[in-house]
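First, the structure itself, so that you have it in front of you.
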């Protein structure tokens, strides 16, 4: 158990780094003040559906930057890919909140100048300098899109319609439940417990002490016999619902959109306990070989039109408010459906993914760190 | 000869096994025409749209081209190294001959994940940037053994005395190779080369650990499968590949038959060593 | 020119070791420099550890990875599941392939033999990923298999997303790798051996048991090397077609490398199939399987 103890020390050290602003992070000096000539190429790590030909092709045509995208299935995978081969393989990554801080403190990404991104000034205020990509006023990347993880169910098989996350933990749908194969799923269990078992006093599903963490794991263990499959790929869940292997599960809106387009009777909702969610940022590798193309790409995906196209394709909410009317033009009603230009209170009701670290928000440092989350998840799946 | 009932039972069993192998392939071909991009049974409707999409996609083309290049280079490397090793092992008795055999078989006998992991740590330790060439290295390791096995089997069936006779009759090494060795060997090389090419072309596990930002065809297909939006495209590609590969497979079968590998009883007469 | 060439040939003839060296040096050097070095690098790195936040490898020698593997019942279960299913897949393929190989080698006419040969080889050329994926569609709840059985009024087996599915798909995708060496071994048995056995008064069954089976065994073992090791090292089939408890060693390794960037731990777990195959290969070589590959 020597190994674990060293992990504790390290994470504690990192926690100190997090509390002392800008320690270990380079300050915003030396930012480019103009975008230079394109390098002809751009290598991206992206979520599935973030680099669709619909907006990549016009970009390539306009800038001459040939886009090569690699899809990653989880934040962990993104971090790993960014570090592969000394970090010079990829120029940018569409990191979610639980990857962005790890990338910043791992010195894998470099600061970016938001003044070079015309769409930036139209972002909702909450995403201009969010804590997951801006440290002490230094912007490590430009926000992109955000959205909640939803509860997806088959409207013909699940009656009455569910209102609570309790339904994915209830034996009523034994063998017909699916949840993501991702350690961050522990936070979903914690979020449910924060309402279902107030005695545990969970305030933040990413900051769990040993007791709270054990309760979440116990809940997931009890859920395991109900699970048909832990889905690893978006298409897994689509197939499961389409072919009747699953009738209820945790999902992204992307799957809902695809299933509805295929005329499967499904619906998704944010249950009464609230939801976890993601807020994504395009981040620039510290060793990027094509920084000019990277800036051009970031500027391109921040324009209202591309923001709207991506929002509708994936089923998420654009950072740029000006995208809302375009969304409605492309798909009537979609702006309201995805809370485009949402109020601060709606935005704040979503518990965005972040990396669990030993330092709890309350000043104590007895929380379970992400390594422990990963180990617990692997052992849970067995 | 076997009894009639045994023969019928064996024939039925064989037919069932062939059906087991082929029903899924037939389904792949049916799904290629599925109108919906979400797969279910029976298919939603008939369309040839996906063939058009696959044909005109630059992603598919560049992945296909990369796969072809990797497979060609890996196969060429394998033919050179594999046949050299096979010659040495077949013709010479030397200390450690068994060990060489064992060593060469390792990449195909060890699980792909071990080979992939090993090369991955090797590239990281050596600060080698992953590229097309690292994929080639990964594939060549297990392609060598395919060619090696084919050539070695052929050499063991042909007689070493033929070479001696050739030299006794005054031929030099090149002539012996041209008129004695090559005719015996060429078909084994083609058969081994085809199999090596196929294995490289379809490899996923080792490729995952040795590829960087670029996609080979299997990696692209894996990406399509996980995205789930363009699955019929994947089926369309598979459909085209099944049709295209009938040619090399039939060719390989002909070659092996013509040289006696597939002719019962013929081998016994050829084996001299 | 010709004289020179003859001299060279003569030299090689008199000094066979020179030619052997010339032939062996390139492949062996390439192997030693890349493959063996890589295997050693893998083994060495399994004794290192990783900084959990930066995921940088720390070059401190320790047995922590192996201890984690040994202490956790989850990893033991995964290892046993992997080896167990690999063994069952191998057995299934041998049972499916032997009668087929026998039919091809000893009964089928030339034409039908060629047909079966092509029919067995062709699936190898169509994408492995797609073949796995199509099985998932077949075994789905509303998939082809359940649909067909329901149509004819039989109960639906419902084995989609389970270890049954993983077993069946592995047996399917690796079957050609078993058929080819088994057929090769059966085909190499000289007819005269069988005739001699019969002339000496052995019954068909005895001939099969005492002559054909022992001579075909190296072929079966050669095939089993493929089916066993391919199953041992795969992660795609469990990932796509497995259920809630279908993790293989390959999946943990894949996730450790591709997702949590913990190469040392992955290397330690990869040492398990490495050791298993090492023992298997030594036994296989004793039984002459390498000649039949």
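Lettered A, B and C in written order, each chain numbered from 1.
Just so it is clear, a contact is a pair of C-beta atoms (placed from the backbone, for glycine too) under 8 Å apart; a residue touches a chain by one contact, two chains touch by 3 or more.
Just so it is clear, the structure is predicted and the values come from calculations on it, not from any experiment.
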item	value
Touching both subunit A and subunit B (chains)	C
Pair with more cross-chain C-beta pairs in contact, given B-C and A-C	B-C
Most widely separated chain from subunit C, with each centre as the mean of CA atoms	A
Inter-chain centre distance, subunit A versus subunit C - centres from mean C-alpha coordinates, in Å	38
Chain centre separation in whole Å, for subunit C relative to subunit B (CA means)	14
Multi-partner residues of subunit C (each touching 2 or more other chains)	137, 140, 142-143, 240, 257-258
Where subunit B touches two or more other chains at once, by residue number	39-40, 124, 225, 231
Overlap residues in subunit A, where contacts from two or more other chains coincide	232-233, 239, 242-243
Touch list for subunit C against partner subunit A, complex	49, 51-55, 62, 64, 67-68, 72, 74, 77-78, 136-137, 140-143, 160-161, 239-240, 242-245, 247, 252, 255, 257-261
Touching residues on subunit A, where the partner in the complex is subunit B	43, 48-49, 68, 70-71, 73, 84-86, 88-90, 232-235, 238-239, 242-243, 258-259, 261-262, 264
Residue ranges of subunit B in contact with subunit C within the complex	2-3, 6-7, 9-11, 13-14, 17-18, 20-22, 24-25, 27-28, 31, 39-42, 80-82, 84-85, 87-88, 91-92, 94, 98, 100-115, 117-122, 124-125, 137, 141, 144, 149, 167, 172-174, 176, 198, 201-202, 204-205, 208-209, 217-218, 221-222, 225, 231, 234-235, 237-238, 241-242, 245-246, 248-250, 252-253, 257, 262-265, 267-268
Subunit B-touching residues of subunit C, taken from the complex the two chains share	2, 5-6, 8-9, 12-13, 16-17, 19-20, 23-24, 26-28, 30-31, 34-39, 41-42, 45, 96-97, 99-100, 102-108, 110, 113-114, 116-131, 133-135, 137-138, 140, 142-144, 147, 172, 175-176, 187-188, 190-192, 204, 225-226, 229-230, 232-236, 240, 249-250, 253-254, 257-258, 263, 266-267, 270, 273-274, 277, 281, 285, 290, 293
Subunit B residues within the subunit A interface of the complex	36-40, 44, 123-124, 127, 129-130, 212-215, 223, 225-229, 231
